[in-house]
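To start, the structure itself, in structure tokens.
Residue numbering begins at 1 within each chain, and the chains themselves are lettered A, B and C in the order written.
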Amino acid sequence: MITITNLVRTYQTGDNEVRALRNIDLAIATGEFAAIAGPSGSGKTTLLNLIGCIDEPDEGTIEINGSVVHAGKAKERALFRRENLGFVFQSFNLVPVLTAEENIALSLSLLDMPAAERRERLRAIIDEVGLTGMEDRRPARLSGGQQQRVAVARALVKDPKLVLADEPTANLDSETGAAILDLMHELNQSHKTTFVFSTHDPMVMDRADRLITLRDGRIVDDDLRRRAS
Amino acid sequence: MNLTQIAWRNIGRNRRRSVLSVTATAVATMSVVMLFSLLSGIADDMASNLTRFYTGEVRIRNEEFSTYEYLQPLHLSVDNAEATVAAVEGTDGVAAAVPRISGGGAVFQDDRRIALLFTGVDFEREREFSNIDEIIAGGEIPVASAEPAGPSGPSDTSGPRLVPAVVGAGVLDRLGIGLGDRFTLVTRTAMRGSNAMSFEVAGVARFPVPALNDAGFWAPLPDVQRLVRMDGEAGEVLARMDRGADERAVTEALALSAREATSTPLEVKYWKEIETTYSFIEMAQVIYSIMGLIFFILAGTVIINTTMMAIYERKKEIGTLEAMGMTPREVVRLFFTESLFLAILGAGAGLVVGVIFASILSRTGIDFTEAFRGVDMEISPVLYPKITPLSTVVVTAASIAVGAITSLFPTTRITRIQPVEALRDE
Amino acid sequence: MNARAGVALAWKNLFRHGRRTIITASALAFGLLVYIMADSMLRGIEVDTERNLILYETGAAQVLAEGYLEERDLRPLRYAIETPEEIESALEESGIKAVARTTFSGELIVFQDPFPEDGSVQVTGYGIDPSDDGDVYRLEETITKGRFLEPGEDGAVLGGWLAEDIGADVGYPITIVTRTRGGFFQTLELDVVGIADTPNPIINRYAVFVPIDTADFYLQMEGAVTEIAVAGKLRGVDRALTAQMEQELASFPGVDVVGWDRLAMDYVAIAQTKNSGSSTILFFVFVIAAVGVSNTVLMSILERRREIGMMRAMGLYDGEIRRLLLLEAAGIGVIGAGIGIALGAVTNYFLVTNGIDYSFWLRDMDAGYRITGVLRGVWNGDTFASAFAAGVIITVITAMMPVRRALRTTIVESLRTD
């Protein structure tokens, strides 16, 4: 579903030029549960950002289901993300003034659908991520794990083709982290949504069906352990 | 979950900052509301004083009088005064009309010369025209008598009956006399000679204009006509129109009627066309508008600041929303809506406080007597602010507009941030 | 960290967020600019008025007979100074320039031919000594038509607006009707010898000047005068002068010394109101400028929470950090105030050299101020200095609270990456 060709991304920090990604070629199939691993500075977050078209490459192309996502203007890219992508962040990034349910509903509100369907989807996803009973709480009153569940629900409620998760377990203890990962794996199986992570958490790397390792902006290893079913 | 609800919730997010924005807008709005209310009050006051005591709503004079007004040219009068007044009164749209003769004279006490302004009036008509009952503070308004003073008729000034006068309270203080006392006025006549007449203080008036209160008195027209040798003539005829009348049409109509009644070549003018200190009001309006603008600009800088702060603090959120698929423009709209709410809250609060103060003051008035001591304008010393659509609705709308527009400066910059930059950890 | 490094760091930090610094500085600058302009104009009005009062109407102070001051509005002749020469000498000997004048009120009568129309108008007559009136007053310099007065002649100099209003020209005959000191009617038949255009609207509108000996003759003053005016400072009331005068004249019974302010109560009254009105406005200007400034300062400190935590972790004392941040705030204040002052100076230059012309709406108005329609600004070092100081102080004071709060958080908290 994702085809990356000759991707290059360089940053300027002051006088320095940082080559975050050097000529990456990569293909990810639909339904995969893939992790991009590597030490810090290896470029994994950058790669994720580029796939998610919240950043623009300097060279190369990224195609998602045939569309070259980064070519359009900000508005077109936003619309693409709206309809096709879900994000999960390391620091949850929930809107503090909205309740759990409202946070999830927010991502749905960007799409056109009848109110009944909206309500139905909300109820279903809240149930699936195990937040029933907590949906009226604001993030301040939720634990880290619960907040991340909200984030996952928010990403998945619109049934995206692709979910990008940037170090989703980094701010969670190992038990909670494992629970979240299990949740995401389940959703990957049940919804057939493609999941791509970036991580340096060994537990996550272990659970991934495919492990892509980056170092210094290049892919040094690509290990497909389990085929997507 | 729509934009408005989110925007509303976000206001409570950083209470101190929202309070800051709201307060700045409120203070600016309140100040300008009160300023304009005061100005409206002054305008009304001046208009009332001018039309009651100086120019009426339409003023009819001998067309040469105004050119030499400075010289008190009584001989440049309006002939057939009574017929002219009647003709004007009969015109459609005219509510009341009066004849008047005004001039300056002096009262001598020992060797002190006290200058006074006299006005010969038709008291009956004046009750309707200038509502003099309202300003009488003692004694009474002289009853109209067909015959002027003097036992042997019109030209006899030696009679025991003195001419009754309604005298300004300040005049009585200056002369050191009271109700029932008499004083003698010396003046120039229309024939350029001089004449004198004795008056009895029949009534005391509190004229709203200090100049009149301290130096003016009113006496029956027939007696004044005799004093200045203007039998049957008037210095001017003033008219008031019905409420809501078409000024231009009525002025033209009464000019026609007046010109038929007298052979004197006339100048007929609507009061706003006469050069008076009323033009000061127009200038004051400009000045106040400028001051209002300055206030709003200053408040606007506060809003720019707070908005910038809010955007900065919520950068990650902006990035997240854009990652979720909100377009930059939609994000801008969110922040703009928040600023708009704050502007409305601030302007609303300022409006309410400003109106409360202005209402209170409109009842108690602001006493400028001390400040206006040397001022010679037709303004009463105690002023009452007036709440008008201009001073409230327009000011509030302007305030909200400025608040909303200034918030656009920082918010539109959001479109230039890449989502990835916004999400970055500093 | 030593002082120099601290200042250098503070300075550099200012430009990290150039845009925000500029915006804050601008808000401050704008507020100060308004303050400077308003102050300059108000002072300009005051300076103008006082000058015009002193040089054309009242002198710096006057010697009056006891009882005159209370009835001054009526211009009574009965309270007069009987021995003016002695008083003048006494004052001149102690270095004070003094001139005698006799002021009276009367009615000016004109007849058609050569005047455009018959008429009369109330005027104030000033009997002046042409030979030494210039020691205190500037009337002679303002003669625009004809000439100044000569002693003993039956001539008059008219105020410019008065002449214009009645249509007078040099050579025209006028009649003034008044009363003598004894209370008898008197007519002065005079010829207009000159017309004066003074900067003082009261004089222009109402004044008729005649030689003092002529006035003395017609008014039967027998050598007495109504006032002796002295020269002095053109701005403010010279208390030293009045004190000196009181001392010199202690031996003369029956006379009072009054400063010009007591002779121009109408001006004093409205000047006070205007001042308090504008003080209120300026207060609001400051409040809003202060809010704008504090906001930005707050923001920049919040933003640098982590950096501050880092510095503390590195071992900088809290006091040093506080100094650094306040120095930055002062820096913004200096920049903003500097811009405000610079702009203020530029606009003030125009205000002082060209002024704002508004004579058209003054012509028919008496409002206590003696101004003739061109408002000029005034250079006042104090205003600029205080504006600058205020700008810097406001900024520093508004920074103090957020700085204190920033330093109260624990180091760990401020280093957290969330």
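Here, contacts are C-beta pairs under 8 Å (C-beta built on N, C-alpha and C of every residue); 3 or more make two chains touch, one makes a residue touch a chain.
These figures come from a predicted structure and were not determined experimentally.
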Greatest Cα-centre separation from subunit A belongs to chain C
A count of C-beta pairs in contact puts on top the pair B-C
So, in whole Å, the Cα centroid of subunit A is separated from that of subunit B by 69
In whole angstrom, the CA-centroid distance of subunit B from subunit C equals 28
Here the gap between subunit A and subunit C, centre to centre from mean Cα coordinates and rounded to Å, is 72
Residue numbers in subunit B touching two or more further chains are 425
Touching at least 2 other chains, the residues of subunit A are 91
Subunit C residues touching subunit B in their complex are 20, 23-24, 26-27, 30-31, 34, 71, 74-78, 105, 107, 109-111, 116-122, 165-166, 178-179, 181-183, 264-267, 269-270, 272-273, 281, 284-285, 287-289, 291-292, 295-296, 298-299, 302-303, 306, 358, 361, 364-368, 417
Touching subunit A in the complex, subunit B uses residues 1-2, 6, 9-10, 12-13, 316-317, 319-320, 322-330, 415, 418-420, 423, 425
Interface with subunit C, subunit B side, in the complex: residues 17, 20, 23-24, 27-28, 31, 64, 67-68, 70-73, 75-76, 104, 106, 108, 110-115, 188, 192, 275-277, 279-280, 283, 291, 294-295, 297-299, 301-302, 304-306, 308-309, 312-313, 368, 370-377, 425-426
Subunit A residues touching subunit B in their complex are 49, 52, 54-56, 74-75, 78-83, 85, 87, 89, 91, 93, 95-98, 102, 105-107, 109-110, 154
